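Dropping the structures in below, format is structure tokens.
Paired with subunit B in one complex and with subunit C in the other, subunit A is shared by the two complexes that follow.
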Partner chain A sequence: MRRLNVNHLTRVEGNGAITIEVDGKKVKRVRIEIIEGPRLFETLAIGKLPSENLNLVPRICGICTLSHRYASIRAIEKCLGIAVPKKTFLLRELMHHGEMIESHSLHIFLLTLPDLFGYPGAPALADKYEEYLKEGLELKKFGNRIMEVVSGRVIHGENPVIGGFGKFPTEKELLKLSSQARCLIPLISHTIDLLGDSKIPKYLDQETQYVCVNPPKKRYGFSGDSILISDGQVFDAEDYKKVTNERVVDHSYAKRALYNGKPYTTGAIARINNLGDRLNGMAAEYYHKYWNNRWKKNPIFNNTAQAIEILYCLEKIQELIDQIIALRNHKIIKPKKENGTGTGLVEAPRGILFHSYEIKNGRMEKSDIITPTGQNLDDIERYMRKAAEHLLEKNEKDNEILRQLEIIARAYDPCISCSSHLIRVVRK
Partner chain B sequence: MIKEEVISELSRLVNSNNIIFVGLGNRNRGDDAAGLKLIDDLEHINPGLFISEEKGIESIILRIIGGEKNQKIIFIDACDLNASPGDITFMRLENINDNRISSHRLPISTLISLLKNKGKSAYLLGIQPFSLKFGNGISGSVESTLRELEDIIRKNLKN
Partner chain C sequence: MIEEVIMAKERLKIGIYGLTGCAGDQLTILNCEDELFDFFRATEICSFPMAKSDNLEENLDIAFIEGSVSTEEDLRLLKDIRERTKMVIAIGNCSCYGGPQSGLLLDKNWRKRIKQIYGDIKFDIPPPRNHKPINAYVNVNSLIPGCPIDKGEFLRAISRLINGDLPIPINYPVCVECKYNENECLLNKNIMCLGPVINAGCNSICVNHNLPCVGCRGPVIEAAITSEFELLLKKGLSSDDIRNRAMLFAGAPMAQMLKKLMETKK
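On to the complex of A and B.
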């Protein structure tokens, strides 16, 4: 028996490790160990005012900060009976699309492309592929700028509040964003071609289940009040536990999720697989150009799915801004009640995010937060097992096996402590 | 008072004009704003040569990888030198042992490796702070050093 270890998953947020126990050519056990300490945010929220909770929970993550804020706002407003005007809804969508661009471009250009070009990391791209480095940074900068304009800051913006916005961005600021979005489309288009034309090994192919938010009116998007599964089932947001079925495992501080007793995947690939036929414009053209049935079986396609989503966002942002500037600013909508329950659903860049609360006498009584990476972990382990079995059968060296496992981890863009460059192989 | 050898080395680099100053820090934390303040005071002379952290890491990288070869990048920041407030250090940054990984920040070692790939070199102009407390302004001793640095840079850019 011997163990293959990735002791420090790098380029994700937090600390994680991968351990594979091997007996001859048989894989005995695959474990992703989330060794980051418990965060306790759900407990910290108890007794707080909803507005305090709203400032607390985005600190769960510095990358998907606005996804947490948006999910939290949606849950609180359900609890307190607040219905916001269309302008606020559209501005929240705009900020959320900005976060999606920032996060996806960080992942694609700085974390994934080095693998594709055979470089050890993003700085080395400056050697022969400086154009991609520059394009990634331009897109990331643009995503940040949207968040800054709408939410007030690049990270942990406080401008989106319960019932509206502290301050509405000006028409001039919004029109500039719209114009920039239009100019950036060629940058992502040729990266979709690069990723779409790249060869993805078939040995990883195996069926899985995909879970995402079901945006209303048969639209593509990142928010909604129901959950869509790749088997066609739709669940109301309040029934989210029927989908997630969380459990604790002994080797990790992250809870795991199973739907129908089986692992599932969430994230860009789940959205594209479940909702891709709802895309419009150039994003739809690229979807039809590159999507095929293998996308339902292989998580590496998540990279291309993210690139298509960046294009979708750049197109959608222009549409959102046209709608936003036609609407009047409004005052913050006050709560109608002090008690209630509600679940806020949004798609974070890495997948479906749940914030479910109970508010009693104007204070947080219960909080349940389920993040995408926790939901993906069982499926990541399953795909790693499949890869390891194949590579051991082919007598690949340990370093190559571990490199391939890093690529799988990276494809999921996990929000724990990303892919793996600091590797040690322990033989027993 | 800034030491003569620092004035001489800084003047030589600035005089080449193949240089970019990058101001780092936090405007809300007393003397930590030193790097940003120096950029505020100088960028109107030639905006292409000065950039602050507040423009975002992406803008900084785009600026520094886009310039000419052999360019010198000078990072200005508050630095605990175990010295008197306002004292400065000026050093070339090489082989920094900083491999902290975060999706929020680019490790300085990674940035230096990027600069090396582009045939550029990095320097640190570190200023000993008096206080980094929230809400404090820049202290008198650090302010005085900033004025001296501003004079050196202005004088040599003109040349």
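On to the complex of A and C.
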């Protein structure tokens, strides 16, 4: 029996490791270890004001900061009976689309492209593929700019609050974003072609289940109040535990999730697989150009799915801004009540994110947060096992096996900070 | 220390690391889209696990460290980096002060709480520790606070370091910047703002958006904590609420100040 280790998973967000135990050509065990410390965010919230919880939760993750903020706002507003005017709703959608662009382009250009070109990382890529990388950085910067305009800061902006915004962005700022979005479309089309045409090895192909938010009105999108599963089932947001069925394992400070007793995948690939036929415009053209049934079996297609989503966002943003500037600013909407429960559901860049709260006498009483990476971990391990078995059979060297396993983990774009706050609050 | 760094004839050897945190500070570095290529070329990035795979864990001129010490592994890595690095610079609130996760530092039942949360499971990975800033364990040469750090402040620091000088810390409260921005004082409107006791450097971003300072840049040097506490009490907040608010982000140094304050009140 021998052990193969990746002590520190690189080009991902946070601290994780991979261990596989091998006996001859048999894989005994594959583990993705989440060694980042548990930060206990759910316990931090207890007894605090909902607005203070909203200051805290974006800090779970620097990359999905606005997804956490948005999910948290949705949950709190459900608890407190707040219905916001359309302008606020659309601005929240806008900032969320900005985060998608930023996070996806960070992942595609800085973290994944080096694998495609055979380089160890972005700094090395900078010498040979500077132009390529610069295009990616343009897209990333644009995503950041949207977040800055709407949320007040690129990371952890405090401007989106319960019931509205501290300050509304100006029409001038918004129109500028809209024209930038239009200009960036050629950049991403060209990247979709690059990723879409790249060869993806077949040995990984195996069926799995896909889970995503079910946006209302049969639209593509990143928020909603129900959950859609690839088997066709739809669950109400409040029934999220029927989908996630979480448990604690000994090699991770992140909880694990199973649906129907089996692992599942969430993220851009799940959204494109479940909702791809709802796309329109150029995004639909690219979806039809590259999507095929193998996307339902192989997580590496997640990279191309993310690129298609960037295109979708660039088109959608122009539409959102046209609607937003036609609407009036409003004052922050005050809560109608002090008690209640509610689950906020959004798609973070890496998949479905749940914030579920109970508020009692205007204070946080209970908090349960389930992040996409935590849900993906079991499926990542399942695909890594399949890869390891295949590569051992082919007598690949240990280094190559580990490199391939890292590529699989990386395709999921794991967000370890998000996953490792995960714990259940047990009250005395 | 700095002399040794200046004397280096070659490009500065740099490491960028994350302990337990949200990666927002490392991401802020990657968010310097317009300056990133210059930064990669002006320095030698020996280790940056979030951005590259060919990391060399060797002697460094400067290490930027994000995140709090929250596991035994964090502590081991921190001590290892300290030993082989001339200048250690803490970046972000978690590394400088302990971060939001250290908000329960005043709570003595930390171990009990962990057990309540996870039950009796025995972890097969490095055990957790109570969250502390890196200067609780090693000597830290400079702090770049913020949640996240400010891009401009980071770039100014790196330019100064490349040119052989130290980063300049900001030693005045958010109120100074807030006045420059001609915002109306939120405390006058009975909105509970922490600006008077918190480090500036954010250009009073929250107050510019009509929102109170939540303290993400940590306590300013010689913070007038007693008067802020009394002012907030007068505005009708309970002392528990003030403690909650102040401990959202102000970590270990705030915990110490509040402890002292509570002792003198007794």
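Everything that follows uses one rule, which is that the second predicted complex is superposed on the first by the 416 of 428 C-alpha atoms of A that agree within 3 Å, B and C clash if a C-alpha of one lies under 4 Å from a C-alpha of the other, contacts with A are read in each partner's own complex, and residues count from 1 in each chain.
Basically, contacts are C-beta pairs under 8 Å (C-beta built on N, C-alpha and C of every residue); 3 or more make two chains touch, one makes a residue touch a chain.
Every value quoted in this text rests on a predicted model; they were computed, and no experiment measured them.
J.: Just from the overlay, do subunit B and subunit C fit on subunit A, or is there a clash?
T.: clash
J.: Of subunit B and subunit C, which one touches more residues of subunit A?
T.: The partner that reaches more residues of subunit A in the superposed model: C.
J.: Just checking: does A:Leu40 make contact with subunit B only, subunit C only, both, or neither of them? Give me first, second, both or neither.
T.: The answer is second: A:Leu40 touches subunit C but not subunit B.
J.: Quick one: classify A:Gln404 as touching subunit B (first), subunit C (second), both or neither.
T.: Neither partner.
J.: Touch check for A:Asn214: first (subunit B), second (subunit C), both, or neither?
T.: Neither: A:Asn214 stays clear of subunit B and subunit C.
J.: Can A:Thr266 be said to touch subunit B (first), subunit C (second), both, or neither?
T.: neither
J.: Do subunit B and subunit C land on any of the same subunit A residues, and which?
T.: Correct list for subunit A: 8, 10-13, 62-63, 106, 121-124, 126, 130, 134, 137-138, 140-141, 144, 154-155, 417.
J.: Once bound in the complex, which stretches of subunit A touch subunit C?
T.: Where subunit A meets subunit C, its residues are 8, 10-15, 33-41, 43-44, 47-48, 52, 55-56, 59-63, 65, 106, 110-111, 114, 120-124, 126, 130, 134, 137-138, 140-141, 144, 152-159, 161, 165-167, 248, 250-253, 406, 417, 420, 423-426, 428.
J.: Mind listing the subunit A positions that touch subunit B in their complex?
T.: Residues 8, 10-13, 62-63, 106, 121-124, 126-127, 130, 133-134, 137-138, 140-141, 144, 154-155, 417-418 of subunit A touch subunit B in their complex.
J.: Given the complex with subunit A, which residues does subunit C contribute to the contact?
T.: Contact set of subunit C toward subunit A: 18-28, 30-31, 33-34, 36-37, 40-41, 45, 48-55, 68, 70-71, 73-74, 99-101, 103-104, 113-114, 116-119, 121-126, 128-129, 131, 147-148, 151, 205-206, 208-211, 214, 216, 244-245, 248-249.
J.: Hey, which residues of subunit B end up touching subunit A in the complex?
T.: Subunit B residues touching subunit A: 56, 58-59, 61-62, 65-66, 101-104, 110-111, 113-114, 117-118.
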